[in-house]
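Common to both upcoming complexes is chain A, partnered first by chain B, then by chain C.
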Partner chain A sequence: MTTVATKQEDVAAVAHLLRRAGFGATRDQIDQYAARGYEATVEELLNPRYGEPEDQDLMDRYFIASVEARSPGHADPQWAWRLATSEKPLEEKIALFWHGLFAVGGVKLDHGLEMLTEIDLFRRAGLGSFRTILFEISRNPGMMYWLDNQNSHKDAPNENYGRELLELFSMGIDDLGGGAYKEDDVKAAARAFTGWASKPTPPPFFLGPFPMEFRFDPSDHDGAEKSFLGKTGNFNGEDIIDIIVSERATARFIAKRLYLFFVSDEPDEGEIERLADCFQETGGDIRSILRSLFNSDHFKSAAVRFRKVKSPAELVFGAARLTDRFEIPDMDSSTLANYALFMGQHLLNPPSVEGWHEGEEWVDSGSLLERINFAASEVGRRTSPGVTRMLRRVESAGSDLQPGEFVEACLDALGAIDLSQRSKAVLIEHAAQDGPVLSGTPDGAERTIEMFQLIVSTPDYQYC
Partner chain B sequence: MGLENFSYSHTIGIASFQGRGFMNPVDVRLDSTGLLFVLSRSNAGNKDVRISAQTLDSEYLYEFGRWGTEPGQTTQPTAIAIDKDDRIYATDEFMHNVTVFNREGQFVDRWGEFGTGPGQFDRPSGIAIDSEGNIHVVDHLNARVQKLTPDGGFISSFGASGTAPGQFNFPWGISIDRADGIWIADWRNDRIQRFTKTGEFVSTLGSSGRANGQFDRPSGVHVSADGEVFVADWRNDRVQAFSEDGAHIETLTGDATLSKWCQEFLDVNPEQASWRENAGLFEQEKRFWRPSAVETSADGLVLIADSCRHRIQIYRHAHAAVPV
Partner chain C sequence: MATNKKNGHKNPKNLVVIQLSGGNDYLNTTVPYQDGLYYDFRPNMGLKGENVVPLDEKIAFNSHMGPFKRLFDRDKMAVLMGIGYPEPNRSHFRSMDIWHTAEPFTSSSEGWLGKASSLIDPAGKNPVTTVNFGRGLPRALASQGVSVASVGALESYGLYTGLAGARNRDAMLDTVSRIYQPMADGGFPSRRILETGRGALDGADLLREAPSKYTSDIEYPADNPIAQSLKGIAQVMSANLGTRIYYAAHGSFDTHTNELVNHALLWDQVSTAVACFWDDVERQGKGQETVIWMFSEFGRRIADNGAGTDHGSGGVAFMIGDSVKSGLYGEYPKLAQSDQLDGDVRFNTDFRQVYATLLEDVLGVESEPVLKQKFSKLELVKS
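Up next is the complex of A and B:
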């Protein structure tokens, strides 16, 4: 028998899943997913059908400069639209994950078109084999340019890509990584990737940008014998990737990064080891690892709910999705990425090859103000379809809501979210000042909107 | 294989955020004196929109209608039309209105507002003027074409949302032929629709696809004084020419050479010229990238707004005399 409490827990679990595997969802969407069941929802999220979205033509039509995006700023409207409206939230979330891990910055690669191509690589391959992802990013012309591999020659290898490949993209230097590879391995990797580069393109200043392409120059490739991580052979870049992917350190590194991105800002070593095992058992299949992660008791537990600081992208696009106000691309949708920028996350332009420092570092006094102002402004859009539905949902909770009931109804309408008892007490006290809330009245709607805005202004709302 | 009915003439343009050059030119029109007006759409957020005036031999003259919401400014302009007195009418999808400029670019009038009623718009896009001076506006998201007086007074309208004959799905471009017949680029239905001057459906041209006579989101349609129909086949990156009765004549995919402005830029930036030489993408440089509008001149020129390459590619009709 399904009890009310069980149903509430099902809804809360699915809401948690959608906040982590996506950017949150409206209360109606949560109900729809919950009706299908938690594990079915996990499968749906993990198996998006890759392809050009049906509204890509509209995006291109209204924002023609983003079709030939010469800079990350010109490309912003494209990704912002997807982040705000995609019905395949994990496809965008995993793209955001890899974008932070394989960080290519617009400061040097000032080529919005290539940035969008790279994001699409992550959509297409991001839930598949890590080996494939690593191979594709190693042939990504933007990455080759960003890490100077076009300057890596047979007679004079540039170690930049080989070093970051090991340190930041696969094995890491923390934990086990400190002893997992040596300086000689970096040098061998650099030699193996000589000849991997991007084709030159004409400068964008007079005709706009041209699509970048990968180029392998066999005459500039060092095909001689190399020793790498204890193995010896005439390795090329692909061989290096195969060896890297088979290492336990790589399994742990990727497991940890996935854990920190999807589960909690505080690592749980036992859970990370379990995910690393899954990585090795499945040959580095990201979909399998995430399935194991999302279906674990650890992920579903209260211990990790609302314990992860929302990134600016999660906050901005989560709030925008709540309002459900973007039917077709418009000026507002094109500027959404700017708000994430104001909060410290310049999408398509991470600050360095290390990507963003996440967790508590997202929030300082300046960014907190931006976060609160933006979220409060979004949930205050009373004519937007999403806010209208939220108002109706609060009204349907009862015609004469006591302060505690009123706060709970508002939290539920905002996507089955929860707050600390302390925050709730403050909100209930505030609601009590004006007595019961009479639903369906102008005053009731006014107070409900105000409560939405107060909720998204709490410290708790900064967590997902 | 060479072109049979057209020959490439020259290209005007260079990517530029202001002044000489264009930034995503989406429409191109000639005035009665042969002066070339180009509408640069850009991204509204980057505020590089403008209408610029230049001669056909690349002499830049002036610009107007830059970004803003005040009278005489534009925010998301989509199309322009020029009347017999050389006044320029520009539609704006963000402000849902039409701004009128004189030939020198000075503000004359502005009319229209957001809405679904007569004389109101929801993202007005294509605009054209008939022989009697009436203004026809493609009222894009209202899926209709409105006929208005030069000062915005409502006269009539036709069209509805849908896929049936006479209905529209995100229509964009418009052209008025020599008999005041109305041609609409029915963008998301991948077809051109022809109507009488009073809005009665006549015929359809094209279907979805890449073959000759098929389209992928046609953005612009233009009927020349000789009755030839040019379609900016936007997502197929080409322009197709048809006879007035719909027979396919020729497909243009772009033949651009360096414009005078580009050549001057490279002459004073030898490092950039060297990069270009190293890249060697000369064939790719020639091709259209999202051509969005076509204009013709009385003496046989065909001008194509090559929106993602920031230039106007100009062809000459094979039967037209080449000026000495």
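Up next is the complex of A and C:
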């Protein structure tokens, strides 16, 4: 293997990592990460320094209504800005992961501030211990409200939280609706969480929303003995979480969800078991599990590269980040969230408590048209800094490019991506219709933009 | 339409499905307003007096279903009571899957209407045989090799429609069209994605034209999402594109709390939307050839929880159309403790019997390949 080929593979591997652990990267960013090395990049991604971003003040000034946001619609610009510009891509990606798993819908919560508080919880705690995440989300006022726990009383338990905690947040059910727990366990969990609720606090300004805070009401808590998953005691919610987290079913469930989110739409049972072991060995430390995942030969193998259908958020923010045009928070950045909605992913408002159906289900004929139209329009922004740099990359590949060379240069400029041979062949035929590309000329630039637009229109580009 | 003769239905009809997502509370939709047990179990959520509109001496509609009452009185509506399936599941996810795939005992990713669509149009000649309005494709419509158009807004539906400064849009469209040629076998990109692209391209031009040919003086409420979806369906219907299955959803009916307010609002929206749509259908002269089917993934517990109701089983479904034999079907489930199933009503009509009826008597296809077994049909459709 030549040095050049090794370098190309290194670049392709880092590009793959950044598509999965983030939202892809520009070709220049990929070079910067690749220079540091793959494993060093993994560590950097896994250890973002949590804290208020420097530009938070700028964001708040431009979108005053998004500060202490009333509705999820008001809150949208805040998360869209982070997704489009954050330099800590895994912090946002893991927030997206937990947002899909602990799906709280804005349609009911209807409280932008609480939705953002929750996303920030995932940024802060999302790479840490699963027990902590589960404990915090169980005390999260938005979640308590969303799953009606404030209406779950000692003498009239509401089963909603107890059921979804087991079914959708930790142990899971199999394809037939069965699980490692029984209806009685749901009822016991519901009783243990009675008295866990939320209360509004005074709004920060006139006509502002009421921030919510956790409240435990001992007088409304059922402290009597319960049997849960074969154990008996006067369990409260925290005890229930401790029992759940020690269950193998939970380790497997979270391992599988992480696998499907970060690796491939096709589950690999061996790898999921390995990740579940890692979950149990590390007491459910998400950072350790992801380190093991990203550094595995399985993750780096060709078998899983471009084998995960991009979620709308991945597609939208991936394509938008290529343009590198977001200097200040404006309508351009805030409307990005709407495009994800048109493609079937309403951020801050998942369709139900089960989150989104992922994988190929993202792509139906309506959403595919939205995906293509959006991505083509993004890479067509020829005056944006990112697209200008992409054009220069193609120019630097040679002034007189044969169709095959031209397509390869465009793929490289778009972030070291690749296509199936059959798709590539059709694009080369397209390029050949007008002969060699004289890059650096106005016609060459137009043809390059057109090729960018065709590449992001391919079925291959729907995968990451 | 080769399959029609076998089933004796000469005039296959078009099906409009409206999914009530989240688990519609059966007991507060069709209210057993003379049953004391209902009020015993629902001290907080029981509807009475001006909050109900009686259909007969036992059953009443929720008063927020006024337009439904008028359709019922005009003999256009069958109300299917006590509908469900064996061994009910109370998970939204699993129960909706069961209604979508018609498979209570195994897991499947193939939807019953996706399969029906492939029987209606086996060669996939018409990319708009089935049209979904809304975000994402419900599993009911998913089937390998079946292209379903999924539409947000008809007016802007298409490829590169708003692409500024495209160098040569026709040449680009031609290339994209060649890239989305499905391959014979499984490979990468997947056949499903390629077929989706194929269908999207073929269907887009047809559908985008539909609104320009549509005229109507019906005013669908602008702030009512299901009304806007049904308006889109009326527009596609008026374009006569050969669409046989339409799908739309509304929700969330997951009324664990604040049910009296939320459930009323939802039914105001749904019944107003359906009434507008049915007026439109009648003015298009398509009342005979159109059947609406409305369902939810489950009903809710008999007893209320103080502020709402939790997930239950058994429910109510509706069929609407000129060709529907109107009336109340099935028995209203008994509410006594001894008749309950873990706190829920027991179903008495398997929804798959209705599916068999819809498949054969409405869509004019054989039901057995879709449902994997023979279910006895119900006499719901006028021959």
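In the analysis below, the second predicted complex is superposed on the first by the 450 of 464 C-alpha atoms of A that agree within 3 Å, B and C clash if a C-alpha of one lies under 4 Å from a C-alpha of the other, contacts with A are read in each partner's own complex, and residues count from 1 in each chain.
Just so we're on the same page, contacts are C-beta pairs under 8 Å (C-beta built on N, C-alpha and C of every residue); 3 or more make two chains touch, one makes a residue touch a chain.
Treat the numbers as computed from the prediction; the structure is a model and nothing was measured.
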Touching partner for A:G162 - first (chain B), second (chain C), both, neither: neither
First, second, both or neither for A:V67, with chain B first and chain C second: first
Touched partner set for A:M331, first chain B, second chain C, both or neither: first
Touching partner for A:G24 - first (chain B), second (chain C), both, neither: neither
Which of chain B and chain C A:G172 touches, first, second, both or neither: neither
Which of chain B and chain C A:P141 touches, first, second, both or neither: neither
Per-residue contact with chain A, leading partner among chain C and chain B: C
First, second, both or neither for A:G106, with chain B first and chain C second: neither
Which superposed partner A:P200 touches (first chain B, second chain C, both, neither): first
Residues of chain A that lie at the interface with chain B and also at the interface with chain C: none
Of all residues in chain A, those that touch chain C in their complex: 105, 107-108, 147-148, 151, 153, 156, 158-160, 163, 167-168, 173, 175-177, 183, 306-307, 309, 341-342, 344, 346, 351-354, 357, 360-370, 372-373, 376-377, 380, 420, 422-423, 426-427, 429-430, 433, 446-447, 449-450, 453-454, 457-460, 462-463
Complex contact set, residues of chain A against chain B: 57-58, 60-68, 70, 73-74, 76-77, 199-208, 210, 328, 330-331, 334-335
Chain C residues within the chain A interface of the complex: 21-22, 89-94, 105-107, 127, 132, 135-137, 139, 142, 147-152, 157-168, 171-172, 175-176, 178-180, 183, 187-190, 192-194, 196-197, 199-200, 203-204, 252, 254, 256-257, 305-308, 310-311, 342
List of chain B residues in touch with chain A within their complex: 14-15, 23-24, 26, 41-46, 75-76, 93-94, 141, 170, 172, 187-188, 217, 219, 235, 261-262, 265-266, 269, 272, 275-276, 278-279, 281, 284-285, 289-290, 292, 307-311
